[in-house]
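To start, I am sharing the structure in question, which I have written as structure tokens.
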Amino acid sequence: MLTSLCWNNLSGDGLPVVTELLRVNQLVCERDERLLFKGLNFTLNTGEMLQVTGANGSGKTSLLRILATLTDDYEGEIYFAGQAIQAVLIAYRQQQLYIGHAPGIKGPLTPIENLRWLQGWYQSLSLHTIENALAKVGLHGYEDVPCYSLSAGQQRRVALAQLYLSHQALWILDEPFTAIDLKGVQHLESFLAEQASQGRSIILTTHHQLNVPDGLVKKLNVADYGE
Amino acid sequence: MYFESWADFWAMGKHGLYVWSCYGIAAVVMIYNIWVPLAQQKRFKQRYLRQLRREAQQQ
Amino acid sequence: MNWTWFHKLGSPKWFYEISSRWLPWLVILSLLLLVTGVVWGLAFAPAERFQGNSYRIIYIHVPAAFLAQATYVFMAIAGGVGLIWRMKMAEIAASCCAPIGASFTLLALLTGAIWGKPTWGAWWVWDARLTSMLILLFLYLGFMALQAAIDNKKTAARASAVLALVGLVNIPIIKYSVDWWFTLHQTASIKLTEKPAMPAEMYYPLFICLAGFYCFFAVVLILRLRAEILHREHKTGWVKALMSNKC
Amino acid sequence: MVSELNVPALTIKPVAVSPGGAAWITLCRDLRLGFRRQAELINPPLFFLIVVTLFPLGISPDPAFLAKLAPGVIWIAALLATLLAMDSLFRGDYEDGALDLLLIVPQPLFMHVLAKVTAHWLLTGLPLLVLAPILALMLSLPSQAYTTLIASLALGTPLLSLLGAIGAALTVGIRRGGMLLSLLILPLYIPVLLLGTGAVVAASEGLPAAGQLLWLAVLLTLGLTLAPFAIAAGLKITASG
């Protein structure tokens, strides 16, 4: 159901093969008459991690919201696999997973119900796959507990459990490590590195130093493109 | 002129109060509509001049 | 079809220059039309058989009512253009229209009510036209309230544009349902003085007043747009240049 | 198949659920969410009941007088109950970030918005329908008008929810947007109120009420087709604000 999408080289089974996933050039973003950044360019290939850094309020979240097509209040072009993003918006949205500051976890619902909704429009999930994804984020035994009785860290882990379920090619994670304990952070970092090596591209914002094989990570400081 | 005398004109045949109050309100609304943008522009110019003067002092 | 004039229309600088040339002529024209229309209507038009001289309020009430509705339609279209083509000028025009439209709706309401006293004997009568005018006033107030409630100027303009378009779709529905409701509950006293057929010499001043009101609207809108442009574009070079040589 | 950049190429598998399926998921989630918060479910019908009982106390318990008043009172109470419940439609999702996720799903937003409004109507509009005959009894509405009352509410309350959702989408980003929501949306409720009360008044006088009901059905279909676009536009504008 890839609408209006022609790829450069097709793999054996007719599925598109892509190396350069995302290209952004001359991106300009203004927030309430305050220029956040202008002339921002970067390209993101498959199997790469992009760490977006910058002081608070320098526009990191705005950049991620633009990349997640949450807002079209910007100038500049964004290309997904060589196509202008507006032309292939549906295909792009199928291939992106966005976890924002507020993870979108509903208190009264249990983790399973939350995940069934969060991943519901990408794929139909069997109970088993959800349960072992929750186990991987260390929430074994909390499957049927309503989320308002979980701690903030646990609620964020429920959102991060989507990473173990998702087939999307591009992950956009806004401060994924907040409220996660040290062991959880290391576990998540190794998982992200392993996924990146298998060809997934990840854009994330975090303040601490990622200990990941450095060949994988590209850094982008938003403040460099500011006023 | 439809009315014989000025007095007749003001009285408007016992409807004078209604007619003139309407025209009075109309005049007030029109003048208000003209006055607001002009006042806005004047206020903005003063603010801009002060800003200019402040910048001039800083240099 | 080259769209250059359309995009030129969108640039505030171009609009400011053009308006400073056209404004004086427009002011003279609207003054001329208004004075002739009012004087003709008040002093020279014949009195009406049933209502006597109180019908002369029509020369204010009807143009104000027409203008109120026309301004809402203009506002919704300007908002729509601003929303779809992201044109800054259209957004500014829509936000400047609202107060003008609201003031004319209020004028139409007040003059309608005052006119009702001698003809229907009560200050406020739930007449179909007056009721629709009252609802139009609520639509304007809703538009302005939404515009004021959202801090980010761009979002405020786009959100209120959506509201104006929704309101535009609803105006005919409101008008017909109020008319239908009014004919259902029509009291005897109002039926008697349905719109009287007006002889020609009463119509001429009405058209002149109407034209005068439209020109007046154009003048006031341009004045507001100029003030708003200077306010929003004060960072740009041309405003700075304009300001420094003006004072 | 590694390309010259020796970067592992990724085969992109198209993956998405059909719009109908996704809308069904949102509908089920909202219904489950609603039933989990039992306490909030009772508010609209309770408000509806209390407002209607105020009128006989405030004006006069005389049945003949109340019968004339009943259609208007019931309809205005239903309108206010829907308006009060409207603020919770998007606010919960807006605060915990679920609204942002809803805006970037591959399926058209039209379906999700329709699913959310339907779920909200089932939770707040339907109870008013169930409660209306009891209140008609209290206000001594003539018995031949009951079916028309139910029919007019059945057609009217979804329309009220759709129109209210437009206001909710526009004001969800504003902190105390509840009061502003009613100012924006009440003018749009007036035709629905006129037609609804008109139908019930005609029925209670024994006149045929089919005309008003058909007009309500016309407005409902208009609402069902056009309102979700306005709601989706409002949500997108709020998110990009």
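Note that the chains take the letters A, B, C and D in the order they are written out, and that residue 1 is the start of every chain.
Going forward, contacts are C-beta pairs under 8 Å (C-beta built on N, C-alpha and C of every residue); 3 or more make two chains touch, one makes a residue touch a chain.
Worth saying up front: this structure is predicted, and the values here are computed from it rather than measured.
Set against the Cα centre of chain A, the chain with the most distant centre is B. Each of C-D and A-C has its own count of C-beta contacts, and the greater count is at C-D.
Distance between chain C and chain D, defined via averaged C-alpha coordinates, is recorded as 33 Å.
Rounded to a whole number, the gap between the C-alpha centres of chain A and chain B is 58 angstrom.
Centroid to centroid, with C-alpha atoms defining each point, chain A and chain C lie 49 Å apart. Centre-to-centre separation of chain B and chain C, using mean CA positions: 17 Å. In chain A, the residues that touch at least two other chains are 73. Residue positions of chain C touching 2 or more other chains: 152, 154. For chain B, no residue reaches two or more other chains under the stated contact definition. Per the contact rule defined earlier, chains pair up in contact as A-C, A-D, B-C, C-D.
On the side of chain B, the complex with chain C involves touching residues 1-3, 9, 12-16, 18-19, 21-23, 25-26, 29-30, 32-34, 36-38, 40-41, 44-45, 48-49, 52.
In the complex of the two chains, the chain C residues touching chain B come out as 38, 42-47, 51-54, 56-57, 60-61, 64, 99-100, 103-104, 106-107, 110-111, 114-115, 117-118, 216, 219-220, 223-224, 226-228, 230-231, 234, 243-244, 246-247. Residues 31-33, 73 of chain A are the ones that touch chain C when the two sit in their complex. Residue ranges of chain C in contact with chain A, taken from their complex: 151-154, 235. Within the complex formed with chain A, the residues of chain D that make contact are 1, 3, 5, 7-17, 21-22, 25-26, 29, 32-33, 36-37, 92-93, 95-98, 100-101, 103-107, 239-240.
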